[in-house]
Structures are given as structure tokens and as C-alpha cells.
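First the structure, in the form of C-alpha cells, and then the observations on it.
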């Protein structure tokens, strides 16, 4: 199966440049094979392991596909395939003759390297695949090389992820130094490996966009082509999650790990969504929402670590299951939303919500799908994200009820989760309403058009997946339980620790009733007679589209509560005089971590480098002085040592 | 030891002369005198090995002849030519003045002598001035390299540095095979020759030998 | 016999080149001679000759571990030199060609020199031989660079001579017979006079360090690499530096035998880390992509000596890195030379959008830059990772941390600069230059070949090389 | 238990909720009238209104999509579903399982989503204002609500509504009651958070969202609102009082009484207090949240020994 996948993806690379259709077919086949392999591995919990004598970089190839990697592999398969279809409709050769073929090539490279990251069970090969993955994502982010901000975003991503990669250098090098070889595998007995967890957390956290290491994420996801954003946000940042799940499962972790991870997750969930609510750029909004959801995943993961430390409390199983399931759910619905945003961008040419509005008339399908995605991402029943958040809630409730120290973590996390959920609802109501409802605010929005079936198809597929998972969560339990078992072997794959069946039942009933009631009311309204009239405007005679609530005004109430962290930059020009010419209020929410921490640090380093470069002033006499200085210092060292 | 004493005396005398020439090179503001000091020093050093060998030897004599020829006449000639071409004959505004550099040089010489008594030397060397002489000369060379701005003075500094090292090498002259010595000498000669050529070229390219003009390449 | 051929064949070739009449066909000598040289070197690599213990010259394990890399790199560069010199008809190439060949011979001599004095002679000859190459383009900037190279390099060489004398004196003081072959010195071992050995070590480290371009003795490097033609830069950075590194390794072996291995290791570690630090700082700010290569070379020299500081495995990794660094530096300098000539300028203020003008060279340049910053799957990734791992294994965790941070900042600086040059909109001047400069196979294949070699070296390091490095490490740190 | 009885019980339960819900606003208005010394509208006024609206035709904004009408329906279904999950007296909810309390809370959130979406369909600034306020304040009320149910689950060691609500809220009962009452007022847009019978659009929250609705959709919205009020009243009473521990008839009586008491309390608050300025609303909500949080802490410490 995997071999087929490999062959197809590599073949796709070969023909991606000139034969888009064949490329698509190959990628789809490859992804199908990958999903098949993953589902096989998930079906029997045993997993699959393969050592070959073939050496790469002096290390024997060692692949392993267990339930954990299979979960991520399946997600990659779905989004990777969908994105490939989307790409052909969205980033066409006609519009981008130069970058579209390159995009197809690197798309396969990225899929391949992510697959290798998931499979390889050897530190050296893991690092190779990891770095290839980073570079290919850089190329895809900066695919549109002509745009300066795309390049800047790409470079920021590359720099941040390379910093993370070097943490992983240290991580794997220390590991190899202690083990004597690069081979990876379960070594839970080795207590002395525990401190390495911090390196792994730093290295993978950057890639996962774990707060506060998320600073690269918004610009990268906002500026890349939408199918790339979908893959990045849906799958790529999950690779960081995979890394932490994988190595926290294989190696012992320090006692504080659970607390730190959970705290970072809670902070990320709350602040991420607060930033999201503040954004006016549709894709930045989605990107920050990814920060939130990664935070939610890490709440679950940290809880699981905590529970594992507290004698394998049963609730930690719920938390881990929730986290893993949320990886899927967020991956699916976030890709759906990015696809929607891409379709909007494609139709109107702008990501600024305040320039859009009333798009539902032009593009009803996109609007409907976005509404569905919004309901999902806000974690509302009866759709899939609710299921995983519900599991996490249950775990937190049980942890709190256990009356031991873990409650100190569980209660704040639960409250943060609640607030984050409500904020997410606000954020996505805002996005959906400002973009799709009301009256179009600009020409561009009026001239919008529905996207091609090539673009809509993947969106429908993903939406269908979201609904299905929401309706039959119990069907996924074996997979999740298998992964939990692989993560911590003492947790034997048991019957659902939570009444997923009942939940699914309730969800099905709800969906049926929704459809029924909606149809009934619609028919009734039509039967009573339905007139169209202007929106009631308090007697104002000439209503204009500019009068609508904008994204800024909608989010203002809630974002002001966080203004000490969001640090909004508002430029207000008040109307003056008896006949005010023009007034304006512009709000802008830059990323606080980037603006207040990273940039000053970078400036400091650059000034240091500038000072150092003054020493290279071209006067040879001083160069000889440097030489003698080096001589003296070395002599000192020799004398002292 | 008795058999050594007269020779050592002679050697010490010459080395002392060389050290005096160092101070002259440091103190004089006029380039020709610096070059002359260097040249004389070269001649003096060329003679030393002949003295050190008790008896006459062709190879030694040959090497001495080459040294004297190169260091005493060829290189100085080259430098003089460049100097004339650039029609400069004095080192104006050096980075460090003459008196300070003189004092530095003197101090360096004293330190060199002092240090020599700390170094573990073979008995037959402990009475010669070779080591302090070479250290002092090296030091002088560095002072000239660092404190002067005219390319020619720097070349002189470099040559004096080489002279110092050559002096040090004389410690090994009897115990190491002669081939190496001569090879090294030849190499030094080539190097200095190349430097002379480059000085000439620079003079043509910049029509000046002021190294302060050579600071285009910088960060 | 073959090993002597390695030395004298190129020297003979250089004499022939001096007397060769035709300007146009003379460059053909370069690939011809160096091809034979490479064949010989690889042959010797495959079946190493026995070296008489007292021999002054010999293809011993250390030479076997490095010389083939030098030879191959030189061959590729000389293959590049033919089309390059064709594009510079205005400059007479008689001296250029013969000096290049002479350098090849001298490098072979220096690598095979097992005698302190001989090693120094070869190194100094090499230093002065490089001079005509540096001012090949004949501009005033080139002469300034040459001047700095001469004076700083000369001072360094002088110091290393002083160091050699001190080492010799240490042996004489220790009752040695005055035999200055490294084998004899090592055999003398702890009998060597300690103070003199230490003095010698410091002087030689500074002297040969100047030649390698370790901070703070690196100041000549950016000027020279910036002004010299790309091919000369490639040979200086990839081949000549290895000579000094071999010298340091040989001396270190003696110092080790004298019982001061720990001190030597400490000094090497300090100067290596300092070089990486300085290089990273300068890389962050530099705007000139050829000077960037110089600083990157400083960084990699630092990596080499750090490896040399870390015991047998470290030396193994360092030798591995010698190969990787040579090939990658060659790729970088050659492709940079193409870009430089097409763009007619060297700073990001004047150059941008080269991916549109010289797409192949730009692609090669970017890839090699990533490889040089330890991005897999190219060779440097493996050697540097191995060095980090060894540092952790030998309890130098802090040094490894600094190492990684410096790598990170170097990565920031280089990516920033290179992407600025490659991306964006091309300048008008560059467009013209691009039309004049064609990316012929002659100027594209050599760097590409080097890149491929580095890839191959990283992914599938041949066993014979691994063995040769192990043997060399064995020679530096003999198992008692 | 055979399907017949289940369905009968379900229908009975449904009827109970649907029919009783519109009573509450009537009671509140009657109380306000009494306090003001007027003879207010009949208690069953809302029933008449609903019946009339159900027959009326619909005026729909030219900008609105079908979501304008489907939204209220979905919201109403969500509220009904939430109501059905709520246990009554000793009887569990129609569907009772571990974590159903969260489903209930998120169904309320879903209802909010649909109402706000439907409101924003019109693109009117008033609806925008109302929706923005609704969803923003919901952040605090939802946190408070979660804190409250968390304290209940910590108290009872379970996250199933039936078992959570059966006993009294323990040491934190008073705090919890106060907090939940404030949440009730906020969620149902009563004074002091909102004035249901104001007619100044700028000051409205919930009413502002319904400005453009008419006919059956409006009826559905109004009925849903009243059901939400009833739901919160029942939740409050059962959370505070150990109703689940009483015999069935007594439980029913106590429940009815306490719901009535809550309703009258709302009426009294409305007639005695004035609406807060919007600036101060978050403050009051934070207070409510803190009350629930203290209740949680008490329950936690109380349960510890």
C-alpha cells in the first residue's frame, strides 16, 4: 500500500510539470493508497514495521506505521488529495503559468516528506524528512514570488521553523549520543531522557504554532495560496502535534510537562481566538483560529500527560482521545474554511472582509459551506468538532471531580475552553455575516461569481466528512482507542470511555429535526405569503451598504476586553467643523508576540552585528593587531589551562 | 665550552648590532634610513651562520652569500625603486610617533632579555644573545607593521620580522639538516620578492604607497 | 612513485604552461593535467601505498583522507576554468594557468609532507603562489586585496615558521636527534620539552589558523574572496584551507603525544566557536554575496577545528566535513561567479531577481546555500550533525548549544541575502548582462556536478572513504 | 420499557415544555403591572400573540437569504432539544447520558448562533449591534455557566444532568443561586442587562435581533425565548434545591413553586431596577462568573474531605 502511495507521489512529481490531469490522478491514487494503509493500520492495532538493510546516510532504513502515525497519515491523505483537486481549479496554469507547475511539484514533495516524517523511525531520517518538509512548505508559501509580503511571510516561516529544527538537531543528537545510535522506538524506561522533552516541545511547538511560538503562523497562512493554507493549517501544523504526541509517548516526560503543555494550550486557545476575532483579513482570522484549535489540542494532550503522571487516571484517556480526534476534526473543517476563503478570494480578489458582503447571492454554495464550517469550527453540535471538544470537556470535568492536584489545571482549562468556544462563535458569526450576508460593500463584491466545480468538489467532500464524523462518532472510537493504546500501552483499547453512541443518536435526531423544522417553517412562511421589502432602517431614507456593521465594529466589544494583550493600533480621524469633510477609523491588530518580542530582539542582534562589522574597516594595521590579540588570548588559555 | 667562547662573543657582537639596527629602524623618520637599517641587518644576519660554524663549508658559505645578496641588496633595491617612483622619502604622520615606538622597541628589547632567562634553553644557547635578539627583532618588526602607514615601512617591518625569526632559526642550524634551512631561506626570499613586486604594482595602481588609501574593501 | 607523481606532474605541467605559446589552447592543459592527477589520487585512495616511517613525503592515511577531495575539486574547477578564461580574453592567462597547476603540485606536496620544515615550505610556497591569481582581474581593488592577503598571510606564515622552530627546539631540547619528521616527534612523545611544545602549538595554531582563516585572523578572507575570480575563491576555500587544516592535525598529533592534548583541544574549541560566532555576526549584516561566501567559509573552518577538538570521532567528522565543505564551497563560488558576471554587481542593493536572468545558476546557488547551512540531504548536514552529536557525547553540551545558535544566525543571514538576490524584479543592468552572459553547459555542469557529489557523499558515503577517515583519525590519535 | 411508553412520555414532556413556556413572560408582566399598580395584560397574552403571528404573512428583507427563516427554526429546535435533555423532578431527561449537560449548553450556543445569523441576514446596523452584543456577552455568560455546572459536577462527582441536579448545590448553594440568576437574566435579556419592552433600538440586544422578523419566524423566535427562560428557571431551581431527592409528586410541586418564585423574582427585579449602561454590563457578568467560580471552589474544597 505505502509502496503504491510512494510510487504514485513520486510519479506525480515527474509528470506534475506538464500533465496536470495525470498528476492529479496519481496524487489521488497515492493519497487513496495512503489512506488505505492508514486504515489497515488503524484496523488492527498492531501496526506495521519494516527494517531494511538499505542504508541512507549510513543508517539502515526503518519505517513504522502504528495507530498514531496512521491517524495523521489518514488526515494527510484526505486533505492532500482534496487540495490537489482544488489546486487545479484554483491555481491554474492559465493564471500562473510559472508557479502552478512548480506548485504541483512541491506539493508532492511536501506530501512525500510529511509521509516520511510520519513513517520514519530513525532520528537521522526523521530530521531529513522534517527539514525537507519545512523547505517544501516554504516554497509553497512563497509560491507567488512576485508578491513581496508572500516572500516575507515565507522567510519568517522558514526562519522560525529552522530555529525549531535546530532544537530538534539538539534533541536527536543528544538522544543518539545517549543511545549510541539513531534508532527510535519506545524507551519509556529511560528516566534520564526526560529532560529532552523540553527540546522536543520547543522544536515541534514552533511548527505546531503553539502559543507563544505561533508568531510566524498568521502571515504564512494568510499569504500563501489557499490550497496551501489548507494543507498547512489542516495538516502541516499537525505534524508538530504528531512530534510531541509521538515522543511524549515513546520517552518519559518530566513531571512538569503536563502542566506546561496544558497551560500553553489554554493560553493559546483563549488568546488565539481573541486575536482571530480582532482580524479584518479573512485568512488571518482563520489562521489565528488555528492557533486556538492547536491550543485546544494541547489542552487535551497536556491533560493526558498529567493523567498519565497521576497513575493513569481514566479521564486522561478521554483527554487524549479528544485531542487526537480534534486533530482530525480541526484538520477537516479548517481546510474546508480555507477552501471557502480561497473561493471568495478567487471570486473577489480581496481578503479584507470590510470590502466584501452579500456574497451569498453570487456564490450560494460557498456561503452555505462556509456557514457549515463556521458552525463546526465553533464547536457546536451536531457536527464533528463538538464531539472532540465534548470529549475534552468530559475529561476536564472528571479531572476536576477527582479532587486532586490535577484540578488546579483542569478547572482553568475548562473555563478557558468555554470562553474560547464563545469567542470562536462570535468570530465566525462575524466572518460569515460580514463576508456573505447583508449588502455588498464594494464593486468587487458585487461582481463576485460562484467558483468552478473543481473548487467546490473538495469543499463538499470535506463538509460531508465533518457531518459524518459528527453523526457517527462512535465509529471512530476504535481508531482513537488504538492510538491511545499505542501512545500508552497500559491503556488497553477498551469500550468507548464516553457514551459516544448516545451523543451520535442525539446528533442524528437533531439533524433530522433541523431539516424538518426548517422546511416546515419555510413552507409555512411561503403559505402565509412572503413579501420582500427594504430592511427596516428606523425611518432613514437612503440606506447604503456602508452603514452595515463592519468586522471591526462587530468585534469591538469583545476585543476591547483583551486590548491590553492585543494592543490594537487605531487611527481615528474625527469629523470636524460644521460640514465635516471626511472621517475615518482604521483599526489594525498586529501580532503582539512578533511586534513586541521578536522584532526588538532581532533589532538588537542586528545592531550587534552592525557594531561588529565596523571592526572590518579595511585598515591593515589593526588587522595585524587582531592577529596578535588572538595570539595573546590563546597564549592566556594555554597558560591558564 | 671553552671552544665556544670566542665564537659566541663574535655572534653576540653581531646580534647586538642587529638589535641596535632595530632601534635605528624604529627611530628614523626617513624611509631610506629605515631601508638601510634593514639591509645592514640582513647582511649581518647573513654572516652569523658562517661564524657559528667553526670551519668553512661550501653550503654555509653559499647560503650566507645568497642571504646577503637578497636581504642586503636586491630587496632594498626594489624598495628604493618603488620609493623613488612614488617620490616619497619620509614617513609622515605614522599611527604611533617615533619616540613612543622607540620606547616601545626598547621596552620590548628589555622584556625579550628578561623573558629569555625564563625559557628552558640548552646550555650552549644560554649564553648567546640569539634568543633575546630574535625576540626583540620580531617585536620591532611588529611595531613597524602596526605603527606605520607607508607600505614601504610595513614591508621593512615584515622583513625585520623575518630577520628575527631567522635569528631564532639559527638555534637549530646545527641540529637540523641544512636542506631545510636553505629551503626556508629560499622561500622567505621568494616571499619578500613577491611583496616587493606587489608594492611596485600598488604604487602604479594607486600612484601612492599610503596604506590609508587602501581601505576601499570594508564592511 | 605515484605519490611523487602527484607532486611533480602538476609542477611539470605548470612549466609547460609557462612556455605554451597559444593563449587560446593553454587553458586546456588545466583539465588534462588535473584529470590525470585525480585519477592517480583516486587510485591511491583505493589501494594506499605503504609509507616508510621515516619518509619526509608519503601518501599516509591523513593525505589519503583529504587529498582526493582536493584533487577532484580542483579538477572540476579547472574544467570550469576553460569556459571562464574564454570569457576573459582581455587578461593574459599564461601566469594564471601555470600558477594554478603549480598550486596543485604544492598542495599535493603539503598534504603529503610528513616533515615539519617541508610542510612549512610547501605551505608558504602555496601562499605566495596564490598571489597572481588574486589580482588576476587587475583592478585596484584586487591589488588592495592582494596587499592585505600578502601582509596578513605573510605574518601568519612567519609565525608558523617561528612555531615550527620552537617545536624543533622542543625536540632538540628533549634530546632529539634533530629529525623533524612528525613520526619522529610523536615517537619522542613526552620527552619533548613541554614549554616549547606549548609555545609552538600556540604559534602554529595562529599561523596556520591565519591560513585557514579562523577568526580573528580571518580579516583577509572577505577581501580576497570578494575580489578574486570565483574559481580562485573555490580553490582557496576548498583546497588551500585544507592544507592548513592538515598541518594543524599533524601538529596536534605531536602535541597530543607530548601529553598536552587537553590544552590543544581547549584552544581549538575556543577558536572554532569564536570563528563561528564572528562569522554568524558578519553574515547577519553583510550585503555582498561574495563576501558572504568568505564569512561562510570562516564559519566552516570553525566547524572543522571544533571537530578536530573533539577526539577521534570528531576528527572523523571533521574529515568528512572537509569533503562536504570543499564540494559545497566549490558549488557556491562557481555559481556565484556566474551570477556575478551576469549581474555585473555583487550587493543586494544592485542585484535582485536573478532567478529570472540566470535561472539555473540561481537554483544551484540557492540549493548550495541551503546545503551549506546544514539542510539535508546534502553532505554538510551529516557531518555537522555528527559533530554536534560528538560534542554531546563528549560532554561539551554548552559548546554544542553555541554551535547550533551560530548555525541558526548564519542561516538567517545567508537566506536573507540569497533570497534577496534571487527573488524580486531584475534590474535593467542585470538584464543586459544576462543577455551577454549565456548559461552554457560549461559553466553550469561543474557546479552541478559538485552539488551532485555532495548529495551522493551525504546519502551514500562510500565505505572506502569511511575507512580512510577512520585510518586518518587513527593516525592522529593512535590507539595505545 | 416499551417504545409506546417512551413515546408517550416524550410527547407528554414536549407538551409540558411547549405549553408552559409562554406562561412565564405573562407572569412576569403581571408582576410588573401589580408592582406598578396597573392592571397589566392578561397572563396568557403571549399565547394570543403567538397564535396571531402564526397566521400572519411574512415580510422579508430584500437582502436576506433563506437562512433568515431557517435560522429561527433551527434555533427553536435546538432550544427544544435542550429542554428535552433537562430532567424534571426525579425523572431524567428524555435522553440522559454522561456529559449531556455539555450538549445542553452547546445547544443553547447553537441557538444563539442561528438567531444571530438570521439577524445579520438583513445587513441592518441595528441587527448587527444586537448580534454583536449578544455574542460578546455570551462569552462571559458561557464561562459562568460552565463554572456553575462544573461546580455541580464536582459536588456530585458526575457529569450527567440527572445525577448532577438531584442533590442540592451543597455549601456553595447561595452563591450558585445568585450567579445562575444573574446568568438567567443576561441570557434571556431581562433587566438589568436589556429591557425586553424598550423601543429604542440603540439600547436593545435581543429585541434588536428580531427587529426585521415577522409572522411565523417571529412567533418561533418569541416562543423559543420563552422556552429558554423556562429552561433556565428549571435549571436554577434544580441546581440549588435537592429536588431530585424528593418523592415524585413533592418534587414536581417544589419545582413548580420554585420556577414560579424565580419568575416572580425576575418580575420584581424588572420593576425595581433600571437597565444598566452597556459599559457596566460586563462588570455585572464578571461578578456572576465569579459567584459561580466561588461556588465551584467551595464545592471542590467541600468535596475534598
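So that you can tell them apart, the chains are marked A, B, C and D in the order they are listed, and the count of residues begins at 1 in each.
Here, a contact is a pair of C-beta atoms (placed from the backbone, for glycine too) under 8 Å apart; a residue touches a chain by one contact, two chains touch by 3 or more.
Everything quoted here is computed from the prediction, not taken from an experiment.
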Maximum centroid distance from subunit A, chain identifier (CA atoms): B
Between the pairs A-D and B-C, the one where more C-beta pairs touch: A-D
Rounded Å distance, subunit C centre to subunit D centre (Cα mean): 78
Whole-Å gap separating subunit A and subunit D, where each centre is the average of the chain's CA atoms: 35
Averaged-CA centre spacing for the pair subunit C and subunit B, given as whole angstrom: 31
Intercentroid distance (Cα basis), subunit C paired with subunit A, Å: 44
Residues of subunit D engaged with two or more neighbouring chains: none
In subunit C, residues with contacts to at least two other chains: 147-148, 151, 155, 222-223, 282, 285-286
Per-residue multi-chain contacts in subunit B, two or more chains: 145, 154, 211, 214, 216-217, 219
Pairs of chains in contact (touch as defined earlier), listed by label: A-B, A-C, A-D, B-C
Contact footprint of subunit A on subunit B as seen in their complex: 95, 142, 145-149, 154, 211-212, 214-219
In the complex with subunit C, residue positions of subunit A that touch it: 55-58, 124, 127-128, 131-132, 135, 142, 145, 148, 151, 155, 158-159, 162-163, 166, 169-170, 172-174, 176-177, 605-606, 608-610, 612-613, 616, 618, 620, 623-624, 626-627, 629-631, 634-635, 637-638, 641
Sites on subunit A touched by subunit B in the complex: 613-614, 616-621, 624-625, 628
Residues of subunit A touching subunit D in the complex: 357-358, 360-361, 364, 367, 371, 374-375, 378-381, 386, 390, 393-394, 397-398, 400-401, 403, 407, 411, 414-415, 417-419, 421-423, 425-426, 429-430, 432-433, 437-439, 498-499, 502-503, 505-506, 509-510, 513-514, 517-518, 520-522, 524-525, 528-538, 545, 547-549, 553-558, 561
Subunit A-facing residues of subunit C, complex: 147-148, 151-152, 155-156, 159, 198, 201-203, 205-206, 209-210, 215-217, 219-220, 222-223, 262-263, 266-267, 270-271, 278, 281-282, 284-286, 355, 370, 375-377, 381-382, 385, 388-393, 397, 400-401, 404-405, 407-409, 411-412, 415-416, 419, 423-424, 458-461, 466
